[in-house]
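This report concerns only the one structure given below.
Chain nomenclature is as follows: A, B, C, D, E, F, G and H, assigned in order of appearance, with residue numbering initiated at 1 for each chain independently.
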Amino acid sequence: MERCEIVLSGFGGQGIVLGGIILAEAAAIYDDINATHNQSYGPEARGGASKSEVIISKEVIHFPEIEYPDVLVALTQEAANKFAPTVKEQGVLIVDSGVKINDQIKDKVKLYSLPITEMAVKVAGSEIVTNMVTLGALVAITKVVSREALEKAMFSRIPKGTEEVNMKALAQGFALAEYLV
Amino acid sequence: MKRQVKLLQGNEACAMAAVAAGVRFFAGYPITPATEIAEILAQELPKVGGTFIQMEDEIASMAAVIGASIGGVKGLTATSGPGFTLKQENLGYAAMVQVPCVIVNVQRGGPSTGMPTLPAQMDVMQARWGTHGDHPIIVLCPSTVYEYYMLTIKAVNFSEMLRMPVIILSDAVVGHLREKVVLPDISEIEIVERKKATVPPEEFLPFKPDADDVPPFVSYGKGYRYHMTSNNYDEGGYPATNNHQVADKLLRRLHNKIEKRRGEIVMTEEIMMDDAEVAIFAYGCTARSAYSAVETARAQGLKVGLIKALTLWPFPREVVEKYGDKVQAVIVPEMNMGQLVGEVERALKDKKAGVRPLNRFDGKMITPEQIVSAVKEVK
Amino acid sequence: MAKYIIEVRKNWCKSCGICIDFCPKGVLGFDTEGKAAVLDLESCTGCMMCEYRCPDYAIKVEGSESNEAAS
Amino acid sequence: MAVHVQDYLRMHKMPHIWCPGCGTGIALGAVVRAIHNVGYSRDEVIVITGIGCSARTNAIIDFNTFQTTHGRALSFATGFKLTRPEMKVVVITGDGDGAGIGGNHLIHTCRRNIDITTILINNSIYGMTGGQYSPLTPRGSYATTAPYGTVEPSFDICKLAEGAGATYVGRATAYHVTLLEQLVTKALKHEGFSLVEAITQCPIGYGRRNKMKSPTEMLKWQREHAVNVKAAAGMSPEQLEGKFLIGEFVNKTAPEYTKLYQKLIEDAQSKGAK
Amino acid sequence: MAVHVQDYLRMHKMPHIWCPGCGTGIALGAVVRAIHNVGYSRDEVIVITGIGCSARTNAIIDFNTFQTTHGRALSFATGFKLTRPEMKVVVITGDGDGAGIGGNHLIHTCRRNIDITTILINNSIYGMTGGQYSPLTPRGSYATTAPYGTVEPSFDICKLAEGAGATYVGRATAYHVTLLEQLVTKALKHEGFSLVEAITQCPIGYGRRNKMKSPTEMLKWQREHAVNVKAAAGMSPEQLEGKFLIGEFVNKTAPEYTKLYQKLIEDAQSKGAK
Amino acid sequence: MKRQVKLLQGNEACAMAAVAAGVRFFAGYPITPATEIAEILAQELPKVGGTFIQMEDEIASMAAVIGASIGGVKGLTATSGPGFTLKQENLGYAAMVQVPCVIVNVQRGGPSTGMPTLPAQMDVMQARWGTHGDHPIIVLCPSTVYEYYMLTIKAVNFSEMLRMPVIILSDAVVGHLREKVVLPDISEIEIVERKKATVPPEEFLPFKPDADDVPPFVSYGKGYRYHMTSNNYDEGGYPATNNHQVADKLLRRLHNKIEKRRGEIVMTEEIMMDDAEVAIFAYGCTARSAYSAVETARAQGLKVGLIKALTLWPFPREVVEKYGDKVQAVIVPEMNMGQLVGEVERALKDKKAGVRPLNRFDGKMITPEQIVSAVKEVK
Amino acid sequence: MAKYIIEVRKNWCKSCGICIDFCPKGVLGFDTEGKAAVLDLESCTGCMMCEYRCPDYAIKVEGSESNEAAS
Amino acid sequence: MERCEIVLSGFGGQGIVLGGIILAEAAAIYDDINATHNQSYGPEARGGASKSEVIISKEVIHFPEIEYPDVLVALTQEAANKFAPTVKEQGVLIVDSGVKINDQIKDKVKLYSLPITEMAVKVAGSEIVTNMVTLGALVAITKVVSREALEKAMFSRIPKGTEEVNMKALAQGFALAEYLV
């Protein structure tokens, strides 16, 4: 695996930060390659916009910042407006359905518009598992980590008693994307 | 605990290492980007019988940590710029009275409250010179989460071994980054405990040093009653405020504690320096960019190497000097307006190599590309 | 015609629901975007509590006498 | 005259940065209306803050404004007031800023009785840094630095101010927003130092961890636990158990600092030192 | 058992450095006798000071002793006590050290109710630095930095401590040296934070400039202006005009900090965080 | 006032100069050996309608001085080591927010409370680097009572002219010494006032600099309502915490304010340097010994000269460089363990002259004899 | 014979006069060097006030029952 | 006038510090040569021992410390014990009568033992003018400043209403020494 730079963006409450950590752990611990994770801080990151950055690579990751992500997930229009223009040429852009992306960007990237939050609400009755649906779809599309690694990483991080609903959300994420791909 | 593979945040690694090194007291005050260290220790210390307290400010936090250390327990505090400034007076106290303790400064952008969530390396000179009076200090600086863990243990060890405060200078990048680390088994890590008294109370002089210039540090309340003061003091621990000879001797000894152990304290890594024509001298998060720059430059056939400093103070002048006539130039990238570059210049006073600062102070990391360009400018 | 005019700046409203929950007359509710909206203007007594308790200054009640110097 | 906070906002700084449902904005609204009530012009009022969510208040209101270092606003304000006694100095601080790191300046400013009106926005937590316990966090609460619940008793900041010699002290809540406005109005008119504690909700830093999921729940908590000091006079200790008092606690007359200093200057110029 | 302060002195540090007639020594004597009264061994007592004439006290007495930075003794002591709860921690501070620069630590230590006994030696002046006014200098007094007389009101430090939540508070003077000894004795026995203010004379820094030429005159002033709180109960405001109270002001029971923390540790080890 | 002959104590001269320069506010906290400045101003300021206040600590003192300056009045505070350390956070605030004010540090022996009545020069590096974050500063250092007077006026002037804090670093020798001075007539002394706004309130941007990189400083309460913050800020004065471009521009500007006026700010005296083969670089009380040493050495036929620095920061590197290939060695006597000597070494990096530190830190002045011996060792 | 023994450490005494001025029985006075001295031991009641109020610990009164634990 | 280094020592209350300042001002302002003055600080200097250092010189005074004084006045035995050994070979040592000086020192210096405090008490009823008697004697012996300068300097520094007694003390100081010299 070449260095792959992934940005997950949305708003607080969607579990974006935890999602990023799980993805990074899947790579670092269970797939035994290298990974870093970063998030945004400060008042702007509380209650409002939320961002999670993951780099996955076989090589040691020295420089940990992402300027032009290979993969971007944007769960809100605001996030999409802010970050979609930064996606690399031919990169992957995953958005929640309803999020609009202009043609200029569409031409440049591989766009996947998926009903992520809708699916999350369907699975759990609330947006609480949005992150897992997202991760499922992301990994299905990018294969950036193995599905087993992702599942193991997820289990090690979620609260006891929520295994089933999270597992289901993850599976639905995979399904959403596989249906598309 | 066995050798473990983990995805750890830098500040988390620091907190875990503190517990592993035997730290059992933390006093602090919230500040971004250091707060995680407090938060984790608030949770972890009670589990191992230790104490966490959030004090009314950073001055009190530093005081409490020193008080706890005087009580016989290893203590640590963590903060960032503004709090680091407020801790300086008591840091000087610890240096003078020779009380071990560790201060972590997770650097963020200044001046003043500047850019509180963004990284910087602006407190490098302050870490050396921030308090009044003249005393030496040890400052360690991690560039990876793994180093953050290992240097935290080193810091606690140096501090206990030498009876002095030790500073860890990390930054918002290394503090907040989560990355993969492989931690050694705890049994493989050397943990240092402070020296005990070797004479009975009647013969005991609290500041009579051993051959290594370090006096044993004896806990109060066990029969060794004595005094300590931050005024110039004699071997009995009593003020000798106007005694010139005593002052001269004491200050020399404070310096010698470090100088005598330079070999052990000064830690650097030399990466691809063997045939290097240009050296990059870097530390902290900037060393990550530099490493990446070296790889890129080498791939382009440029003979570039990296001197990564893990110890900032005492400054690793011997390592820099060594290359002074071998390389054409030393590039010093720093996330400030030029701080440690001055020490590089001093070290190279009578050497051929030129010195090239590369500075950025806008809250963003220096990129590998910026460094590669700087290398090309030399050639 | 209603005695009061209630203006909601939708782009300032953060959907906290305070104005809705504490309006003694049930005048306010959420719109489809989750922002505060006037549902029953006629019932409004001009008590100003929605304006005073809105953390985001998103509501303005015009025409109320309650809104005079308080002391 | 009728007033809306909007009339006093720096519109280009809106919407503000506080979290949804944050009580800071409610408290600030009351302060702005109180200033309006007293009839001060925008130019003669200066609002000084420290650091924290509470400190972001003055950036959005159209008076003379500056933010200082953490906990030190009252000391900056003291210097300012001494050189500009004709100006109306308002300090807005937080429970961490004013009662934690800034506690010493608070009590000394109370003591000096210098004509500064202070509003301490008490959201029971260090909000800006993400939810650490403060000296005003009720014992037993959870916070990021109190994962087992705090063991520390909290200050009654109004009692502390009284003990320090403050000549005007009162307390209200975001729920009791009109009382808050009234108290701040009286505080502004008071000659000498005045402190009004505004108990507010921090849903993100405090509520979430302490079983109050929504701002509304937190406002209800305020409604249910606050007892007006006048009502309390007729209540038994049992009835007051677990409650806190609101209203005006101290209101007394004493010489004001800048006035005394002005007199000292006159004396020095006429008579000279002893 | 009969005791003399001499029995507890580090004889090689005598005679001490205080000026002739200085009240610091008188106060220290009472503290030493109080420690003796309670029956603590020398080894289990630690006496911590800050900076000032008051801070020179612990260098000459044979307990565990250390001096800290100006104003911070209580914070050092808090760290010490938390790690060594079995030791008896005494802090001796001054009016500048404890109520000036150290005011914040004082109120927060009061609030926490940690088992530390503090003796604040109030000589109404910054003695060590040569006679500048302190926050406890009575208004109108002269000092090197108040050549026209101070305009600042002073703290009633006992009221301040009470307002901050202290559970034991009392005051005596160098003249009322046996009362002082009694109060310190009770303070030492009290579980939780205790503060005893000792009003003393500084003939060099304060007396000289304020028409009290000799130490004796200053002690007489103490005798004539102090009213025991019990006696005061039966006196009119007019009778109390210009007087100050001595005696025990607060003595109440509340959970002690290190005890609570010990329980937290036990809980954490058995149950874990929320 | 006419040209006057007086026997003045250093601290007294400082206080008098402050009044002459237009200082009308002092806030302080007692500390030896600086207290006289407060004591004299407590007496003098009310006479000229100014205000003296003793605050609860040094932090509050610094804050009050800044507050007063924001109020439109020239403010000054004075302290020594421990207090200087406590003032650092707000000093950084003043630098960032660009508030003029003067801080006098009358240096005494450290570390910590060390030797509180004895002289030292141990806070030289702290004066430059004592606060977190990276910002430039001006530090002036008198070696005589006359210089103390004149540099205090300069400090107030620089501070008002450049909207920044300025530090005067004196020491217990110069602070307490009484000596003969001939003071110039007040009318001969240039006094600088801060710049006024040139545009009406509607057009006013509080941090829009003029060509000299200094924005006018407009008093509040006169129709110009604006905001100031210590976070990274834009020209409107509002926080722009995460704006990298704004940060870069702001920090460069803070540096340029000084760099653009280097010629005026950097003050030195070159004494018998024309034909010197050995130079002594000295400042503060040590420059007195050095002057005497030069006289003695010259009397013995040794070609020695003195570079006396009146400005320590920005460091007068151009002056040192000038002699870098002319003299054999530069001797740097300091009452510390070696501080400014590092800057001398940097300045001489590509020069022939060697650098010889001469240090003393026992509370006694370096004697002329010690310096003469050092000179002889070179030859 | 007197009931009490009063010892004055002359080299610690700083001649402040406190012991003398507050001895209820006039037992003490200055010697020729200005140090405290016992002039009338017989009158001493062992009240301890001289010892307790001596700022310099220069006086020791032996044999007093007043000098027992105070509370 | 060559550089002359003078130390006045005694205890607080004898006006040692003021005495030194007057001497220095006599030189600097009224004799228009150079002078410096210094004193001791700190707790040791309060209520206890007191010391005043004066340097008088035609040349600019760079180095302001005194290691071996040309002239020492010691008004107490304690001061004499401490400082007498530092007096320069052939220097002047003035002591209050009653202060004992050992033979070794006596051999080295010019010793003047004068009833200074006795005279002060005689003139003013207390030790308050000790400093003026001292200055009178010192200047009579050393001629380090002119008598006029000394008198002018004194008048500019003493409180109104004390001119007469101080003038008398000064004169008696001169007389004491002149009688001896």
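By our rule, a residue touches a chain if its C-beta (ideal position, glycine included) is under 8 Å from a C-beta of that chain, and two chains touch if they have at least 3 such contacts.
For clarity, every value in this text was computed on a predicted model and none was experimentally measured.
Counted as hops between touching chains, the shortest connection from chain B to chain D is 1. Looking at which two chains touch through the most C-beta pairs, you get B-F. Summarising the inter-chain layout, the chain whose CA centre lies farthest from the centre of chain C is H. Averaged Cα coordinates give chain F a centre that lies 36 Å from the centre of chain H. One inter-chain figure worth recording: chain C and chain D are separated by 26 Å, centre to centre, where each centre is the mean of the chain's CA atoms.
Rounded to a whole number, the gap between the C-alpha centres of chain A and chain H is 86 angstrom. Contact with two or more other chains is made by residues 18-20, 69, 101, 103-104, 108, 130, 135, 147-148, 261, 264, 267-268, 273 of chain D.
Counting partner chains per residue, chain C has no residue touching two or more of them.
For chain A, residues that reach two or more other chains under the stated contact definition are 42, 44. Listing the residues of chain B that touch chain F in their complex gives 80-82, 84-86, 88-89, 92-93, 95-97, 109-118, 120, 122-123, 125-126, 128-136, 229-232, 241-242, 244-245, 247-248, 251, 254-255, 336-337, 339, 342-343, 345-346, 348-349, 355, 361-364. The part of chain F that touches chain E in the complex is made up of residues 29-32, 35, 38-39, 42-43, 46, 52, 54, 56-58, 82, 112-113. Every residue of chain E that touches chain G in the complex is listed here, in rising order: 1-6, 9, 14-16, 18-26, 29-30, 33-34, 36-37, 174-175, 177-178, 181-182, 185-186, 203, 214-216, 219.
Chain B contributes residues 5-7, 32-33, 116-117, 173, 176-180, 285, 288-289, 291-292, 295, 364-365, 367-368 to its touches with chain A in the complex.
Against chain F, in their complex, chain H makes its touches with residues 21, 24-25, 28-29, 32, 34-42, 61-65.
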